[in-house]
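Labels run A, B, C and D following the written order; every chain starts at residue 1.
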Amino acid sequence: MGTGMDLPSSERESASRITLVFLGRLEDLAGGGSRAVAAASSIDAVIDALEPQLARALREPRVKLAVNGILLQDNDAPVLRHGDEIAFLPPVSGG
Amino acid sequence: MGTGMDLPSSERESASRITLVFLGRLEDLAGGGSRAVAAASSIDAVIDALEPQLARALREPRVKLAVNGILLQDNDAPVLRHGDEIAFLPPVSGG
Amino acid sequence: MAEATTDVRLATGPFDPAHELEAFTAAHPEAGGIVSFLGQVRAGGGVEALELQHYEPLTLPAMKALAARVRERWELDGLLLIHRSGVMEPGAPIVLVAAAARHRRDAFAAADFAMDHLKSESWFWKREKAGGEWRWIEPRDQDFEDIARWG
Amino acid sequence: MAEATTDVRLATGPFDPAHELEAFTAAHPEAGGIVSFLGQVRAGGGVEALELQHYEPLTLPAMKALAARVRERWELDGLLLIHRSGVMEPGAPIVLVAAAARHRRDAFAAADFAMDHLKSESWFWKREKAGGEWRWIEPRDQDFEDIARWG
């Protein structure tokens, strides 16, 4: 966390990667369980950079998000950092 | 059942035995789990022939009776036969 | 689908609940869920031994009748009901009830109902040994409350 | 009295429910009753395999939090909660919940509650293989009804 702060701004940008994790049926849509992408300033910006069909599925109201294992509340808009992991969690399956 | 019918009356009387079975705490009062006694014409008469303290315990309203494994209803007054088994069943213990 | 089975036993000697439950489970691969209750003689509390007395002509037929009522009331793939009699040490199994069902709710309710009714209706007389003395156990009010839950 | 224990595990490979239950029972000789629920992959119905996916940073912490709630709500001597993830064949164990308690009612309610909440709240995604095709399983309304029972 924060180890990139000593690098010049341009290098920080180029090194900045985050991991997206797709659970359940989102894995099929994304074509894989996880994906490394360039960080953007916000989750919205990260999603905007994805394929439109996948982006739509990730924005469904029943899909919850977790950043580094912490579930986001509705109005949370965390600032993303290098190495963050964003998990997209569709409703869990019934018994 | 009824095999004694061909014997003379006096022999039937002398051969006529029934078994009493005492469950739970009644076993302690009776000094044993079962007892062979001379048959009498009715259960009341059988009980009357026992020690008074035991007779009282067997007549408690919560003590149920079974004759040959069949539970008696309140007003049943079966005629006893040679070889019958009368079980005295105090309330069963809780869990 | 395998035929629904009912297995009711009055055990006059020790039984192995893990083995029984494993065999029951193996016999019901079509059941999604299996609920079991194991009652054992409590260790601690100063009880040195427990004796359960049964009366053969009533005890087993009543257990079988209870099992039949449980089978009628819930949709089960299998029902197992084993109850000990005789003298038992602390830690020894007393009773094992297992219900296998397609639906979890049925399995829970069936096992729960069977235990409530086994405890309060079945023909067992119980005494405990503590401090070297045997003492008969009287009925408890709790059992009547448990029964009343089932309407 | 032995210390109350809570054992929560996310199993990524097969486990043996009979062995687990036997060990749990042996660890709780002071409990009068042990209720268990075993969920297994149903045989029949054309399902060839089941896969449960978990998300490590959420799944195990949520199971532990559920176990803590159960421990607060009922007086238990011990609680065991094992859940599989990964690909399983028909007949394979998925979930084992066991509650050991002095009082039968507590053990039944705790196991029942734990299952209702495990099924509907825990972070598992499930897909089934039938006819060679994998299909994701959506949430069921029944789970929300099960939860509502607990007020």
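Everything below uses one rule, namely that contacts are C-beta pairs under 8 Å (C-beta built on N, C-alpha and C of every residue); 3 or more make two chains touch, one makes a residue touch a chain.
Treat the numbers as computed from the prediction; the structure is a model and nothing was measured.
Following the contact convention of this document, D is the list of chains adjacent to both subunit A and subunit C.
Per-chain Cα centroids separate subunit B from subunit D by 52 Å.
Taking the mean of the C-alpha atoms as each chain's centre, subunit A and subunit D sit 30 Å apart.
If you average the CA atoms of subunit C and of subunit D, the two centres end up 23 Å from each other. Computed centre separation for the pair subunit A/subunit B is 82 angstrom, with centres defined by C-alpha atoms. Touching two or more other chains at once are residues 95 of subunit A.
Residues of subunit C found to touch two or more other chains are 39, 104, 119.
Every pair of chains in contact is given here: A-D, B-C, C-D.
Chain contact summary for the complex, subunit B toward subunit C: residues 21, 23-25, 27-28, 66, 68-69, 71, 85, 87, 89-95. Of all the residues in subunit D, the ones that touch subunit C in their complex are 1, 17-19, 21-22, 25, 29-40, 42-44, 90-91, 102, 104-105, 107-108, 111-112, 115, 119, 146. Those residues of subunit C that touch subunit B in the shared complex are 39, 53, 55, 57-58, 61, 119-127, 136-140, 142-143.
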